[in-house]
Amino acid sequence: MLDQIHLLAAVTVLGVVEQAYFSLQVIYARRAYGISPPKVSGPPDFERLFRAQVNCSEYFPIFLAVVWQAGLFFHQGLAATLGLLYLFFRYRYFVSYKESSLGRLVPMYFSAGILWILLGFAAVGILHFFLSHYVGLNVLLFIRL
Amino acid sequence: MLDQIHLLAAVTVLGVVEQAYFSLQVIYARRAYGISPPKVSGPPDFERLFRAQVNCSEYFPIFLAVVWQAGLFFHQGLAATLGLLYLFFRYRYFVSYKESSLGRLVPMYFSAGILWILLGFAAVGILHFFLSHYVGLNVLLFIRL
Amino acid sequence: MLDQIHLLAAVTVLGVVEQAYFSLQVIYARRAYGISPPKVSGPPDFERLFRAQVNCSEYFPIFLAVVWQAGLFFHQGLAATLGLLYLFFRYRYFVSYKESSLGRLVPMYFSAGILWILLGFAAVGILHFFLSHYVGLNVLLFIRL
């Protein structure tokens, strides 16, 4: 069973490492700007960094949900590759948002685009499974003809 | 293996679509009210919409955690059906909260109630597995007598 | 298959119960201090409690991601035991943060430390799987020599 999820598991672990990096950046920024919890407001430089981390955290479970469904029901290697790309653009998003609000836009669009692609693959894979499971229809046979 | 999780996977993908819808509503509201990130405060209409999305995002991993355990250890079809109901009440919660703070209460109670039911099914299913796995006790036999 | 995940599922359900407890504490505090949603600011006592809950929610998917990978690829019993410890220190974090900002630090360090250990076990387990799957190298044989 593990050989059907090992690439997804590796991407998941890398994603956790990335989230840990983002969290540490917020902790360092809190020290640098002297903003102790529970405060979350401060100079714009801090607020951008803080919002970047919150946004990445918010999307992390959504990312895991689609990359795993796409990997299980469509193609593990493809899903894991898109997952790596997503993590790369999330990193670009974080470091660009830290510099300026506008800078976050391009990597944000790329990471959102990858989520939509993963969602599409997951939906197609699950739909294909439903058709072959309940209707006995194997769509792949049509493609091969 | 996939036939034990395909309904859960379908509900998960629908849940991601719903979260994407909520996120897009916040983006549109940011434009309409002229509230650029990293700002998260503004007129009450914006703040309610924003909090609705944050609350749904916060509960999304909790929802996935219970619907998957209930589906794997109790009954997949039942868990997926309750999952669809949860997503429906989360939608009602979002659109009602957008209108007024009070309006969010009824769908919030319903969605919370479904989470408790899923949690109960998950707990019973896992407990039953523990009993039959470690003690060799099959509780279902008692029910059938 | 379920016997490879039943301990992880049990820890997941316990974690959801804990998150529900944290959420209820915020609801009770909102009533006690008269802070109605969508407001999230108020006296320091409320803001600490609120931030404690937000922080635990933010880390919940990260915790699930590492405890499941560590359990699947390294050792289920060990991962589940560390998972219980994590939930214990998260509880300590929540009740200490409620009292004072400084009080949150020690349980925060412990819970973060457990996440790093789980992450390490997950990484080692996945790496071992990659080596034996792709290179045909069974590292455990070296240890046994």
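Per-chain numbering from 1; labels A, B and C assigned in written order.
Here, contacts are C-beta pairs under 8 Å (C-beta built on N, C-alpha and C of every residue); 3 or more make two chains touch, one makes a residue touch a chain.
Only a predicted model underlies this, so the values are computations on that prediction, with no experimental measurement involved.
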{"item": "Cα superposition of chain A on its sequence copy chain B - rotation in ° rounded to nearest 5", "value": "120"}
{"item": "Same or different residue numbers at the chain A/chain C copy interface, by half rule", "value": "different"}
{"item": "Where chain A and chain C are represented by their mean Cα positions, the distance between them in whole Å", "value": "19"}
{"item": "Where chain A touches two or more other chains at once, by residue number", "value": "1, 61"}
{"item": "List of chain A residues in touch with chain B within their complex", "value": "1, 4, 44, 47-48, 50-52, 58, 61-62, 65-66, 69, 72-73, 101, 104, 115-116, 119, 122-123, 126, 129-130, 133"}
{"item": "Interfacial residue positions of chain B with respect to chain A in the complex", "value": "1-3, 5-6, 9-10, 12-13, 15-17, 19-20, 36-40, 54, 57, 60-61, 64"}
